[in-house]
Amino acid sequence: MDSLALIAIGSVCAAGVCMGLGAIGPAIGEGMALARALSSIAQQPDETNTIVKFLFVGMAMIESTAIYSFVLAMILLFANPFWNYFLEKAGG
Amino acid sequence: MDSLALIAIGSVCAAGVCMGLGAIGPAIGEGMALARALSSIAQQPDETNTIVKFLFVGMAMIESTAIYSFVLAMILLFANPFWNYFLEKAGG
Amino acid sequence: MDSLALIAIGSVCAAGVCMGLGAIGPAIGEGMALARALSSIAQQPDETNTIVKFLFVGMAMIESTAIYSFVLAMILLFANPFWNYFLEKAGG
Amino acid sequence: MDSLALIAIGSVCAAGVCMGLGAIGPAIGEGMALARALSSIAQQPDETNTIVKFLFVGMAMIESTAIYSFVLAMILLFANPFWNYFLEKAGG
Amino acid sequence: MDSLALIAIGSVCAAGVCMGLGAIGPAIGEGMALARALSSIAQQPDETNTIVKFLFVGMAMIESTAIYSFVLAMILLFANPFWNYFLEKAGG
Amino acid sequence: MDSLALIAIGSVCAAGVCMGLGAIGPAIGEGMALARALSSIAQQPDETNTIVKFLFVGMAMIESTAIYSFVLAMILLFANPFWNYFLEKAGG
Amino acid sequence: MDSLALIAIGSVCAAGVCMGLGAIGPAIGEGMALARALSSIAQQPDETNTIVKFLFVGMAMIESTAIYSFVLAMILLFANPFWNYFLEKAGG
Amino acid sequence: MDSLALIAIGSVCAAGVCMGLGAIGPAIGEGMALARALSSIAQQPDETNTIVKFLFVGMAMIESTAIYSFVLAMILLFANPFWNYFLEKAGG
Amino acid sequence: MDSLALIAIGSVCAAGVCMGLGAIGPAIGEGMALARALSSIAQQPDETNTIVKFLFVGMAMIESTAIYSFVLAMILLFANPFWNYFLEKAGG
Amino acid sequence: MDSLALIAIGSVCAAGVCMGLGAIGPAIGEGMALARALSSIAQQPDETNTIVKFLFVGMAMIESTAIYSFVLAMILLFANPFWNYFLEKAGG
Amino acid sequence: MDSLALIAIGSVCAAGVCMGLGAIGPAIGEGMALARALSSIAQQPDETNTIVKFLFVGMAMIESTAIYSFVLAMILLFANPFWNYFLEKAGG
Amino acid sequence: MDSLALIAIGSVCAAGVCMGLGAIGPAIGEGMALARALSSIAQQPDETNTIVKFLFVGMAMIESTAIYSFVLAMILLFANPFWNYFLEKAGG
Amino acid sequence: MDSLALIAIGSVCAAGVCMGLGAIGPAIGEGMALARALSSIAQQPDETNTIVKFLFVGMAMIESTAIYSFVLAMILLFANPFWNYFLEKAGG
Amino acid sequence: MDSLALIAIGSVCAAGVCMGLGAIGPAIGEGMALARALSSIAQQPDETNTIVKFLFVGMAMIESTAIYSFVLAMILLFANPFWNYFLEKAGG
């Protein structure tokens, strides 16, 4: 079994696990923030603009951890340095 | 056992695990947000429009983490760069 | 053991795990939303229409993560690109 | 060990795990919704019809995730595309 | 080791795991619903009939997920399509 | 190692795991229901008969999931269809 | 390694796991019921007899799941049908 | 490696796991009951005798699940039917 | 590798796991009881004697599950019946 | 299988696990902080500026743990000292 | 690999696992008791002596489960009966 | 497979696991502290300076555990004493 | 692979697992106690001396379980009786 | 594979696991303490000095368990007695 195939399998599995685990936390964190934000709007409608503005800035920060996972998975699939090296070696 | 088959198995398993894990978090997060939103509407019916608008914007952000997982699973199945490379090599 | 059989086993297991895990989150999330919605209706019967309308739109969004899992499992079983490739190769 | 037997074992195990895991979430989600619905009826008996109507529509949606798991298990046992292919090949 | 024995072992284990896991969720979900129903009866004795009627309809729906698991286990033991195929082949 | 011994081991282990897991959920669910029922009796002694009647009907339903597990374990030990088949074959 | 020894090991392990897992749930469930019962007696001393009567009937039902596990473990050790078959065969 | 040694190892491990798991549940359950009983005595000192009497009867029932585990472990070590059979066979 | 060494390793590991798991439950259970007892004393200083008396009787019962684990570990190390048998056989 | 391939696989898997686990904690921590901040703004609109300022400073500190994980994953992929060493050795 | 080395490895691992697991429960249990005791002192300063006296007696009982684990680990390292036997045999 | 490669793989995996696990705790701990701090500021705006000062000193202490993990991962990658030794030996 | 190396590896892993697990419980237990103590001081400043005195005595007792783990890890590394025996044998 | 390499791998993995697990508990414990301390300051600003003084003394004690883990990891990497012995033997 050649090295290229092994690295491909490893990268595919790592990308799957990384994205799968990395989607649990941000979704729950954003859910907690959104839930509290909506009940805050209901209690204090006059502050809707302030609450919503910071809600989405905050959710963007939380989302960033999901995006890190997604970026890492994309790098593993499409810009994998180890794969590129072996490709060049195989093509050289 | 040739490399193509191994990468296919690895991709199939990674896609399954990624989607399976990635569906847990968003569903629970959206459930929490939806639950709180509905009880907020009941307490403050006048704010229904505001609450609902931001509820669905927020749920779309939470849903995005599930979609990342789904997109990754689709990429692993239908646009897998490692599979394409070996296909070309096998066909070359 | 030929490649076709291995991919078949891998797909079957991935589909089972994906659907099994993917049914936990949505069901609990929808349960939380439904529970809160019903107690909101009891507190504010006049808002029943509004609450129910958004409850089912929201539950449809939550259900979507279960559907992603189900779709992926169906794709793994009935539209598996790796299986199709090997079938063609075996039939070619 | 021939391919048919292996696929049979894989399908049997995947069906068992899928149904076993897939029965945990819906049952707990429905339990939460039912519990809250009954205490809502006790607090607001006049709304019994409304609450019960939406309770069962909602529980049907939650039940759907259990049914997805059951359907998938049935497909794995009785309409397994991989099994059918190998059966035909073995019978051909 | 012949195929019949392997499928028998796989089915037996899958049935055990499926029923074992599938009994956890429904029992806890029904427990939550029953607990809340009884305390609702104590608070609102006049609604006993309504509460009890919907309690048992709801518990029947929850029980259904346990029954799915039980049915699947029974199918695996007594109507296993893979076992039947190999039996016929062995007897043919 | 002959097939009979393997099926015996598999059945024994499956029965043990099935009963062990299947006893966790019902016991906790019944505990929750019983606890709430007793405190309801203390709050509303006049409803004792109603509460107790439905408590035991409900607990019987919860107990049913434990009984499913027990029945399955008994079937695996004393009415195992696979074991019977191999016994007949061995005795034939 | 002969079949008798293998079945003995399998039975011993299955009995240990079954009893170990099966003792967790009932004990916690009974603890919850007992705790609530005692605080109910403190609040409503006049209902002591009623509460205690149903407490012990209920705890007996919960205990039954532990007893199922214990009975199964005893069957595995002292009335194991597979062991008996092999004993007869070995002694025949 | 002879059968006697294997059964001895299996019994030793099963006894350890059984007792280790089986001590978790009863201790936590008794702790919950004891905690609530003591705070009930503080609230209602006149009922001390009643509360304590049923507390210890109840704790004895909870303790019984720990004792089942201990008895099983003792049986596995000192009255193991499989061990006795092989001892007799070895000594015969 | 002779049987004596194997049984020694198995006993050592079983003793370690048994004591390690068996120390978790009792400590947490006693902690809950002790915590509630002390706050009860603070609320009702006149009942200190009654509370403390039953606290220590109860904690002794909880402690008993830890002691079962310890006794089992001691038996596995110093009065292991399987070890004694093999010792005699080796020395005979 | 040469050393380069092994290190590549190890690095890919370590990067995936590290980022996957490392995204859970920060997202939940930030969600808790954001949720509480928004409800604080609703209660005390006059303090919005103060709360928001420290919210984002604090979230940046929490985010730092996610960034550590991301940095480590990047180092493992693009600045891996072990990989560089073997590359030089292979190229030397 | 001789028996002495195997028993030494087994004992070392068992001691580590036993102490590691055995330190979790007591520390959390004592933390709960200590926390409640200190807040009780703050509410009822006049009972400080009584509370503290029984707090430390109770914590000593909880600590005893940690000490059991420690003693067992020490026995495994310094008074291991199996090690002593093999030492004598090796030295004899 | 030479020693250098093995140590490199071990170090890479250990660094990934260490950082991945080590990012969970601090992020959740800081999130709890930040959440409470912000709601305290909202309740007591006059104490903002005091609260914020100690919040960041405390968060720095919590952050330190994440930094320990990061430092250890860095040491494993860039200042690994075992790697250095083998490098020297290989280069000597 | 000689015995000395194996015992060294076993001891190193046991020490790491023991300390890693053993640091979780005490830190959480002390955190609970410290948190409650500080809020008690805020409620009852006059009792600061009493609370703090017993807080640190209690935390020292909790810390003791962490110290047991640390001591055991140190013994495994620096005063390992099995290692010493083999060292002497190797040096003899 | 020589002993030096094995001990190096074992030490590296043990250090990573030890630090990774050992950072979870202290961070959460300190977070709880810090959160409660800040809200106590908000309620009782006059006690700020007392609360902060004991907060940091207490956090230092909690931090100590993280430091134990860090120290152990450092010892495993830089003062490993087993590594030193084999180095001397290899160099002798």
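Brief remarks on what is shown
Order of writing sets the chain letters: A, B, C, D, E, F, G, H, I, J, K, L, M and N. Residues in each chain are counted from 1.
Definition applied: a contact is a pair of C-beta atoms (placed from the backbone, for glycine too) under 8 Å apart; a residue touches a chain by one contact, two chains touch by 3 or more.
Predicted, not measured: the structure shown is a model, and the values here were computed from it.
Within the contact network of the assembly, the step distance from chain D to chain K comes to 6. When the partners of chain D are compared with those of chain J, no chain appears in both lists.
Measuring from the averaged C-alpha position of chain A to that of chain C gives a distance of 20 Å. Separating the centre of chain F from that of chain L, both taken as means of CA atoms, is a distance of 47 Å. Chain J and chain L have Cα centroids lying 10 Å from one another.
For chain E, residues that reach two or more other chains under the stated contact definition are 1, 11, 13, 15, 17, 19-21, 24-26, 28-32, 35-37, 39, 41, 43, 55, 59, 66, 69, 73. One ring covers every chain here, and the order obtained by setting off from chain K toward chain M is K, M, N, L, J, A, B, C, D, E, F, G, H, I. Interface of chain C with chain D (complex): residues 1-2, 4-5, 8-9, 11-13, 15-17, 19-21, 23-32, 34-39, 41-43, 45, 48, 52, 55-56, 59, 63, 66, 69-70, 73, 77-78, 83, 87.
Those residues of chain B that touch chain A in the shared complex are 1, 3, 6-7, 10-11, 13-15, 17-22, 24-26, 28-33, 35-37, 39-41, 43-44, 46-47, 50-51, 54-55, 57-59, 61-62, 64-66, 68-69, 72-73, 75-76, 80-82, 85-86.
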